[in-house]
Amino acid sequence: MALKGLDIFKLTPKTNCKECGNPTCMAFAMKVAQGAVPIEKCPHMSAEALATLSEATAPPMKSLKVGTGDAEHTLGGETVLHRHEKTFVSENLFAVSVNAESADAVLPEMEKIDYERIGERMYVEAVNLEYTDKDSYVQLVQKAAGKGRVLILDVKDAEAAEAALEVCASEKPILNGATPDNYAAFVELAKKHGVVLGVGAPDIDSLHDTVAAIEGLGYKDLVLDVTGPTVKDTFANAVQVRRAALKDGDRTFGYPSIVDLKKLAEGDHYKQTALATLFVLKYGSIIIMENMSYAQALPLYGLRQNIFTDPQKPMKVAPGIYPLNGADENSVCATTVDFALTYFVVSGEMERSGVPVNLLISDAGGYSVLTAWAAGKFSAGSISKFIKDYEIEDKIKNRTLIIPGKAAVLKGELEERLPDWNIVVAPNEATNLVKFLKEL
Amino acid sequence: MGKFVVIGERIHCISPVIKKAMEEMNPEPIVKRAKEQVAAGATYIDVNIGPAEKNGPELMKWAVQTIQEACDNIPLALDTSNRAAIEAGISVYNRTNGKPIVNSADAGDRIENIDLAAANDAIVVALCSKAGVPSDNDERMVYCQEMLERGMEHGMEAEDMWFDPLFLVIKGMQDKQMDVLEFIGQLADMGLNSTGGLSNVSNGTPKHIRPILESATVAMAMNRGLTSAIMNPCDARLMETVKAADIIKNNFLYADSFLEL
Amino acid sequence: MAFTRKPQTFSASINEVTIGTGDKAVTIGGANILPLYTFDAPAKNKVAVGAEITDTGVDRTLPGIASYYEGAETMAEIAKRASEMPGADFVALALNGADPNGDNRPVEECVEIAKQVADAIDVPLVITGARNVEKDTELFSKLAEALQGKNVLFVSAREENYKTVAASAVMAYGNKISAESAVDINLAKQLNVLLSQMGIKPESYVMNVGSAAAGYGYDYVASTLDRVKDAALSQNDVMLQMPIITPVSQESWAVKESIVTEDDYPEWGDRETRGIDMEVCTAAAVIAGGSDAVILRHPQSVATISGMIADLM
């Protein structure tokens, strides 16, 4: 629990010596409680008091690494409940769930989901391995290992878990199997193999008790499986765990979470899409699904990318030539800024028109058209420089360049700088692009 | 952070109209002033009945009920040195729109008003002084600490103690103004709420100058972290300044019509 | 150490607004908790789901939609079918054909269609306009008159036409309106202020704070919704306590994922499935953010989202 000013005051020497730069010990204590000054500013604190305080001033949610190499991911480390308050820092992972029976069918399907979106690789980062029996489990683990995915060992049998860890501990899997009944053995296993331990319980109260007991055994590399018997319970658990950690200072719940949608909605593809959405927004660190198709991945990964962007930093697409609708060297060119939202709206409308267009994206600082223009980042100079640097005139024969309606003012200067080109001004609103391109 | 709390100061026994109304227990002038202040944007209304040694409890009860009934249970600051009157006022107070404020305690004779506030789940204005004006900010801070400890010992939340740095008159104590602002900053650093009688700063200055000095003071003090003031909400310039500063501090979401809200 | 529950309830709450009449009238809003946080306190009303139909007819290129509306040919038949859709609480008529840059259907024809729809259903009716300020101003005024007494919700009044729309739809004919602010929270608040200053009562209007399909700048939508709820509940900002309606269908079915054919993108698979997933994802997101009503197109989306709401509330 975060300490209040008065609690900290009780630990101070109460001498008002002013050596910390504050007029009184109370004033100092209140500032420490606010996080405004570090406790070490007081030269007269006892070692015991310092230990109590350093515990209380640690980050509210643990940050953990799972997987290795390219498959290494960071979980947790969040400090806010809403992205506008600062930013979310660790994207949730998506996992598919397989067992001995389904692995051969599901794993190859999962591997098909692999594409890039605004500079980010979109794929299924983790695989949940369901335990059915001892004999087949090691085989299942071997099948899933080595594919560059974080493995989640969904197993509550300590012996089977041990055998699985022998095979895959070097891949830094998550051992998701500790319960109120078996946690002592699982803590030993996790310690021995140096892996993150997943903790589950029938309800939120026993989850809290179990985590506290595990912390008491000295293990703190934990993720909390908040999956409950129903959707309602699971959502309540996910929110209350995160809120307790970040808002109410309950460090026992300061760990990343796992939600298993296969357990909640097996066989219901669309329900899993809806629930995955819910947990991307509200506090799922790892979201396990029965399967992942393109139809689900396209909206879910897009949403995740949106939610986990830093609100202070606009999403940008990489500068370059984007041929749309099968555009080639004879197709017209159009240009706009690299602000991801603008790019998506403009390219979406252009694709809707069916007209082949080479969309030229230059570095405009990730601003919208008007802002970039006002900041001098989207100008006749920057556009003509892009055309020169990217050797557009060698690559494309067509000499029509469409510029955004909101940057119509650039037409004259562009005509001077690019004398061979026919500069055409597009409509102000992207929604009118379809009609405009068809009539061009 | 919440919006700046404006405590309307215009029901004060020094005003001849109010004094007469209180003597006669005539609700009309009091209700009129209360309504004017609410309409102008006051969050709380201060009710100063003076020492009222003769009929304090009776008068405060009457005033609290009269104003709250007329003004949709507007929250009130009960302002008197008569402790029994404050207790009587709280006994009939309606909390729908906010806790009562005990105005005020200090680190000297009136420190027991903190106990009173704690016992009644009220907010207390805690004057950072003991006897007279504190000589410097160290002294203010010592009083602040004494009162804070007292409140916490009695189970108060720190957020219910609104520390008053004592605004000082510019015409006479011009050189002390930045000290007061500095102290407000110290309170804010500790996460504490603050309030104070803003009109003190302009005492003795010409009528048309007063709102200008008070507006500048409140803007500068809000920048330092002042969370409330006891002031005249019916002065347009002053209220506009408070509202604009609230917008700049992101205490209240901007809309083009924010001054009308 | 036992877990200490700290329910987060607010003394402020979202306004309640009722649309439609009779047994099937729908009330939205009323919550004093963050969206879907029913573990803190009960939500007063369920999030409402609307089935979208349009004057341009049923999109029979999608098998799931075609089979649901099979045999329904006239607007009245289509509307009746939509009103019976499992999970739907209201019907949303989108007058897309009225768009002056499209079919430019005359106002009189639109009124006729709306009357047919209104007469065919017993659930509440929401009408979204041509999304053209001039046309909608006239359209909403005429529709409001024709549908007096039906307690219809018109989506949406904008900065440019709120006065006329509010005066006719609400003040003259007692219907409801939504104020649209395109992901601009200051404008959202300002429109509410302006409407309240006109004398429009809180129970007569809702907000459409704007939307985007998942992946298409949804970050701005998410934060706008978060900030609206924060201001409304924790700051008790009465000018943001209006319930929110989000027309999810229009954005979700207009993005590439829902449009391109399987022939062009074979690895993406069936187009209808993609469209539904996009609609379901976007709807679940705005509901998690605090939308009190959503408008959806596909019967499967309506079933899934109403199921999710039932699970959570």
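Lettered A, B and C in written order, each chain numbered from 1.
Quick note on the criterion: contacts are C-beta pairs under 8 Å (C-beta built on N, C-alpha and C of every residue); 3 or more make two chains touch, one makes a residue touch a chain.
Nothing here was measured: the structure is a model prediction, and the numbers come from that model.
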Required minimum of steps from chain B to chain C, each step between chains that touch: 1
Selected interface, A-C versus A-B, where C-beta contact pairs are more numerous: A-C
Farthest chain relative to chain C (centres taken as mean CA coordinates): B
Chain B-chain C separation of Cα centroids, rounded to whole Å: 45
Averaged-CA centre spacing for the pair chain B and chain A, given as whole angstrom: 47
Whole-Å gap separating chain A and chain C, where each centre is the average of the chain's CA atoms: 29
Residues of chain C engaged with two or more neighbouring chains: 227
In chain B, residues with contacts to at least two other chains: none
Per-residue overlap in chain A, given as positions that touch at least 2 other chains: none
Contact footprint of chain A on chain B as seen in their complex: 137-138, 141-142, 144-145, 148-149, 152, 158, 186, 189-192
Chain C partner contacts - residues on chain B that touch it in the complex: 2-3, 251-257, 260-261
Chain A residues touching chain C - in the complex, by the definition given at the top: 82-84, 112, 117, 204-205, 207-209, 212, 230-232, 235-236, 239-240, 243-244, 247-248, 250, 252-253, 268-271, 273-278, 280-282, 293-296, 298-303, 305-307, 309, 311, 315, 340-341, 344-345, 348, 351-352, 432, 435
Of chain C, residues touching chain B in the complex: 185-187, 189-190, 192-194, 197, 227, 231, 235, 237, 239-240
Chain B-facing residues of chain A, complex: 4-6, 9, 16, 23-27, 30-31, 33-34, 36
